[in-house]
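Before any comments, here is the structure.
Think of it as A, B, C, D, E and F in the order they're written, each chain with its own count starting at 1.
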Amino acid sequence: MKMLHFAVLFALLFSSSSHAADFCVAKLKGAGSPAGYACRMPSMVTVDDFVFTGLGVAGNTTNIISAAVTPAFVQQFPGVNGLGLSMARLDLAPAGVIPMHTHPGASEILFVVQGKITAGFISSSANTVYVKTLKKGDVMVFPRGLLHFQINAAGIHAIAVVSFSDPDPGLQITDFAFFANDLSSELLEKSTFLDDAQVKKLKKVLGGTG
Amino acid sequence: MKMLHFAVLFALLFSSSSHAADFCVAKLKGAGSPAGYACRMPSMVTVDDFVFTGLGVAGNTTNIISAAVTPAFVQQFPGVNGLGLSMARLDLAPAGVIPMHTHPGASEILFVVQGKITAGFISSSANTVYVKTLKKGDVMVFPRGLLHFQINAAGIHAIAVVSFSDPDPGLQITDFAFFANDLSSELLEKSTFLDDAQVKKLKKVLGGTG
Amino acid sequence: MKMLHFAVLFALLFSSSSHAADFCVAKLKGAGSPAGYACRMPSMVTVDDFVFTGLGVAGNTTNIISAAVTPAFVQQFPGVNGLGLSMARLDLAPAGVIPMHTHPGASEILFVVQGKITAGFISSSANTVYVKTLKKGDVMVFPRGLLHFQINAAGIHAIAVVSFSDPDPGLQITDFAFFANDLSSELLEKSTFLDDAQVKKLKKVLGGTG
Amino acid sequence: MKMLHFAVLFALLFSSSSHAADFCVAKLKGAGSPAGYACRMPSMVTVDDFVFTGLGVAGNTTNIISAAVTPAFVQQFPGVNGLGLSMARLDLAPAGVIPMHTHPGASEILFVVQGKITAGFISSSANTVYVKTLKKGDVMVFPRGLLHFQINAAGIHAIAVVSFSDPDPGLQITDFAFFANDLSSELLEKSTFLDDAQVKKLKKVLGGTG
Amino acid sequence: MKMLHFAVLFALLFSSSSHAADFCVAKLKGAGSPAGYACRMPSMVTVDDFVFTGLGVAGNTTNIISAAVTPAFVQQFPGVNGLGLSMARLDLAPAGVIPMHTHPGASEILFVVQGKITAGFISSSANTVYVKTLKKGDVMVFPRGLLHFQINAAGIHAIAVVSFSDPDPGLQITDFAFFANDLSSELLEKSTFLDDAQVKKLKKVLGGTG
Amino acid sequence: MKMLHFAVLFALLFSSSSHAADFCVAKLKGAGSPAGYACRMPSMVTVDDFVFTGLGVAGNTTNIISAAVTPAFVQQFPGVNGLGLSMARLDLAPAGVIPMHTHPGASEILFVVQGKITAGFISSSANTVYVKTLKKGDVMVFPRGLLHFQINAAGIHAIAVVSFSDPDPGLQITDFAFFANDLSSELLEKSTFLDDAQVKKLKKVLGGTG
């Protein structure tokens, strides 16, 4: 069959490669690079590398913030490596809060699946606050790198699905950055103008030292 | 107050600009550029530019595909301009199908909100098929530019939220590209190997000529 | 000699590195990354890594499409790795056709070396057809990710040189994606509206199953 | 003269354009785009568009932080538009502090011109602190989007020159984002765990309301 | 017809925009941006915007270099705007030379259409020379920003087609940069170590002053 | 403690990875990729990877150009890998010159720390010269890929700090590219129009052959 010959020819030309234009499922164990993780051999890849089932289950919200973030970033979902996006699920119990945070390398878009959420972000130089209470089905976008937060705005468990413009968006919660490590209270107080008592109190709650 | 003076200084230095590092809400009427639309003046921007409420309502599925795509791309949601992502809602009635299509400039990630969906994509050179039936809460990623489809896999209305790695991902439905325009049947048949009767039949259904 | 000392200094500062700003000739055997293949040591690189001689010979057009694509992509021509471009040669015998296809990650520019070629592409949302018959010396550009085709438009063997905006542009021929694999006829028919007889016929020609 | 003819030919081919491959000096008054500001006509550009003299003068440090940031971002220095970098000068009086802040869209590199500076940044997920006291001539890099600070570490006025990986890096000082606007104390306290008294005190210092 | 309704719906959703994901044909008269020129309205675009016929004609080689470069850059071929590539034709009469030059923002790939060409480039830090004599059908790649040249290597008119990884690659011919302007001989001699007589001689040939 | 549990959860989710969104300190020994070097394990990284002390010392200017370039590129300063910037120090003794050169992949911004420097660059197609004598504290930007130079403009040792828009900007000094290798005098003279005596003289000074 002539056409078959053509198909075989193409397969020979294009399929014997360890890198593919189409996708690059992450080898998490190997060394990463500035553009992401190394690619698994396409012949070792199956549909399950492109499917993630971990967002179907509510995160555990029995913690001090009454909330949970369940990531489907490249570390959990290697199929998104190199594809310019990732996802996460937010669960907020009635008093739930996702505290002030940034994603150092990505914009975020949020879709409310259930409940109501008050969400906001703050612009950089002008420090303008953009806050809105979102209902089921509403979408809000948070520009890359800016401080933002989400708070349950109704008496029921809220769920949101969020997407990011990067497979590895990072997550820097300001409270954790300030209080959950060994940054000296002296440097922290000088660089934040927070009172010593406030710093000591939150370091204790979050397990920080110094 | 000394600090106030400092705050005012920063406001003067940074806020008098028509472009902002933070965001670039699209002026849809003006001329676009390869990087997206021109920015509205930050002083004209409000929180509502970053919120989109159109995905809370089911799309109209009383059509031949028993399905609807409701986009929150930059044309509908100017706040995503320049931010590297966008969103859409899929509604699939019990017999619903999102036909074979590509997004010429973006990867896609899908989250099943309700029902079951059989989804798949096809790799380029090796023509490998990656298909999976997804249940509520499952996530699947479709690498940029590759042919993919979604089909309702249960007897109930299915809903999905999809995100893209670009504010303007485009959407090329193969059937529409082949049959819903004035591409001559002769060229189409030569370049697709489809039979003349098949081409004529689908051109008629989809309003094509030639 | 003072200047010599300076030259030696620079050589020491800059040449002892396994990565070079200048180029990154691909190690095809190793694991790729989202940005391409790993670099060979510059000291192992010669001018022949930057030269490809395979496009000087006509491809074999004795197949059902009476045409051939000879790629100089990164897999065949490792010197283009990381440089943002690649090339290919098209040969079209008198009845030759490069069938409807996309390059998932690249734009294409075509230069007619010999003969006449009717080429066209289809825009995404509006499904507009852009078709033109090109003569020797004419150039046409095909925007990234869009369906396009090339057909011999004269009675003589036609040759074109095409370039891509990526070292690894990919190639997804719609017919091969639909009919040259094990995608079930049921899913294919549902997602393309093609008749069962048409699907079965082309699956047989192209070696597909299911 | 034959060569002259050639030179004139090239000038005609390339110089009559409003956009240039070489540079794109910003028209700050016009509408920006996601990639930066529109370009001034090259014929209107002089060497002074590529020179900025504002960093030769110490900033005014008679304020509560005893420090000053003098930017040479695209808003002050239109010549950097589209070139992927910008600069600023830091002045720190003996008690000077550049408070905790991020640049939402850029990495930073700092060179100590005079004095000693204790600088640090905090990684995102692991909250690790990287702190060092830098002397004259030392360089430190701060990865994009991460919280960082600089504090005078000696009894004399310190000066640093900092560069950014973007013409428009943005600057979000956490204290200003939290306390120098109308973000309600209730939302702020819920999303930061700061005490009401602390919030009220700093809102008063920084001119915030709510 | 139900499907028609669907088609109309999509057209309404996506076609009323001044910017398109698919392409962005340049408005050369307007102000450019760092990402290229503004887009023409898609409704004003025809297939002729994607076709360029100027490379079918030999350039005029009756000049001192016995060669010609005929560009199909964005300034001549607005359809490539934003698409990441462009093309040019080289004509080299028997004694023809494309002198040492760089493209500040693009890699280049060359295909020999006719004749023989000796081409070479020089790496940056190690100053290694990569030279090869290419025959008809051979391809050579020149990494971005590096000095390179092409010289006719046989007694007959040579033709090459070159592609670039940018719609606006720029072209800096070293001789023109040094000798075809008003750069003072003193600064030029200090910064190149060329002798005064050599500088004066070439300034005279190329129309330079100073 | 509930919050602690949350902190531990995040640490587990995010910190066990060999790649980090935050930074990617280069493993210089391994194979690079088009996007830079592979990343060291974050657990092996300390603050000293982000600090470079080599720019505090004057380079050795007892050479024929009476000048020195001390780089803090990724090869010397692995912490900048993937961060889109790097730095260098220029020392110019009273007669010092940084000869005509380009950085193939980066723009440059220069800050005068001490003394006076006459600096200039040349645009590509129009060959326009942009020259200025800069004093202490002045800043000048050199667009990517264009020829530029720096010359001491006063009787005292001058110092500048320069930053680049790439961790690995490259450096191609025209004189070294022309005269410090084995490029044949014949090819060099044909492609530069320099006289044979001039070429031979500078090849001798710079150690070239051929």
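Criterion: contacts are C-beta pairs under 8 Å (C-beta built on N, C-alpha and C of every residue); 3 or more make two chains touch, one makes a residue touch a chain.
Please read these numbers as outputs of a predicted model, since none were measured by experiment.
Colleague: Under the stated touch rule, with chain B ignored, which chains end up grouped together?
Modeller: If we ignore chain B, what remains holds together, so that there is one piece.
Colleague: Could you find the chain whose CA centre sits the greatest distance from that of chain D?
Modeller: C
Colleague: Would you identify the chain whose Cα-based centre sits farthest away from the centre of chain F?
Modeller: Relative to chain F, the chain with the farthest C-alpha centre is B.
Colleague: When chain C meets its copy chain F, do both sides use mostly the same residue numbers (more than half shared) or mostly different ones?
Modeller: Mostly different residues.
Colleague: Does D-F or A-C have the larger number of C-beta pairs in contact?
Modeller: Taking the two pairs in turn, the one with more contacts turns out to be D-F.
Colleague: Whole-Å distance, chain C centre to chain E centre, using C-alpha means?
Modeller: So the centroids are 21 Å from each other.
Colleague: In angstrom, rounded to a whole number, how far apart do the mean CA points of chain B and chain D lie?
Modeller: Each chain reduced to its C-alpha mean, chain B and chain D end up 35 Å apart.
Colleague: Cα centroid separation between chain E and chain F, in whole Å?
Modeller: Inter-chain centre distance comes to 26 Å.
Colleague: Averaging over Cα atoms per chain, report the distance between chain C and chain D in Å.
Modeller: 42
Colleague: On chain F, where are the residues touching two or more other chains?
Modeller: Residues 10, 13-14, 20-22, 30, 33-37, 104-105, 120, 124-125, 131, 143-144, 146, 166, 170-171, 176, 180, 205.
Colleague: Looking at the whole structure, which two-chain pairs count as touching?
Modeller: Those chain pairs satisfying the definition are A-B, A-C, A-D, A-F, B-C, B-D, B-E, C-E, C-F, D-E, D-F, E-F.
Colleague: Which residues, counting only chain E, touch chain C once they are in their complex?
Modeller: That would be residues 10-11, 13-15, 20-23, 42, 46-48, 50-53, 55-57, 72, 77, 79-80, 83-87, 106-107, 109, 111, 113, 120-121, 123-126, 130-132, 134-144, 146, 161, 163-166 of chain E.
Colleague: Of all residues in chain E, which touch chain D in the complex?
Modeller: Those in contact with chain D are residues 28-37, 62-65, 69, 71, 74-76, 104-105, 166, 168-171, 173, 176, 180, 205-207.
Colleague: Given the complex with chain F, which residues does chain E contribute to the contact?
Modeller: Answer in residue numbers: 97-100, 102-105, 118, 120, 122, 124-125, 127-129, 131, 143-147, 149, 151, 170-172, 174-178, 180-183, 187, 190-195, 198, 201-202, 205.
Colleague: Can you list the chain D residues touching chain E in their complex?
Modeller: Touch residues, chain D against chain E: 1-7, 9-10, 13-14, 16-22, 24, 27, 30, 33-40, 81-82.
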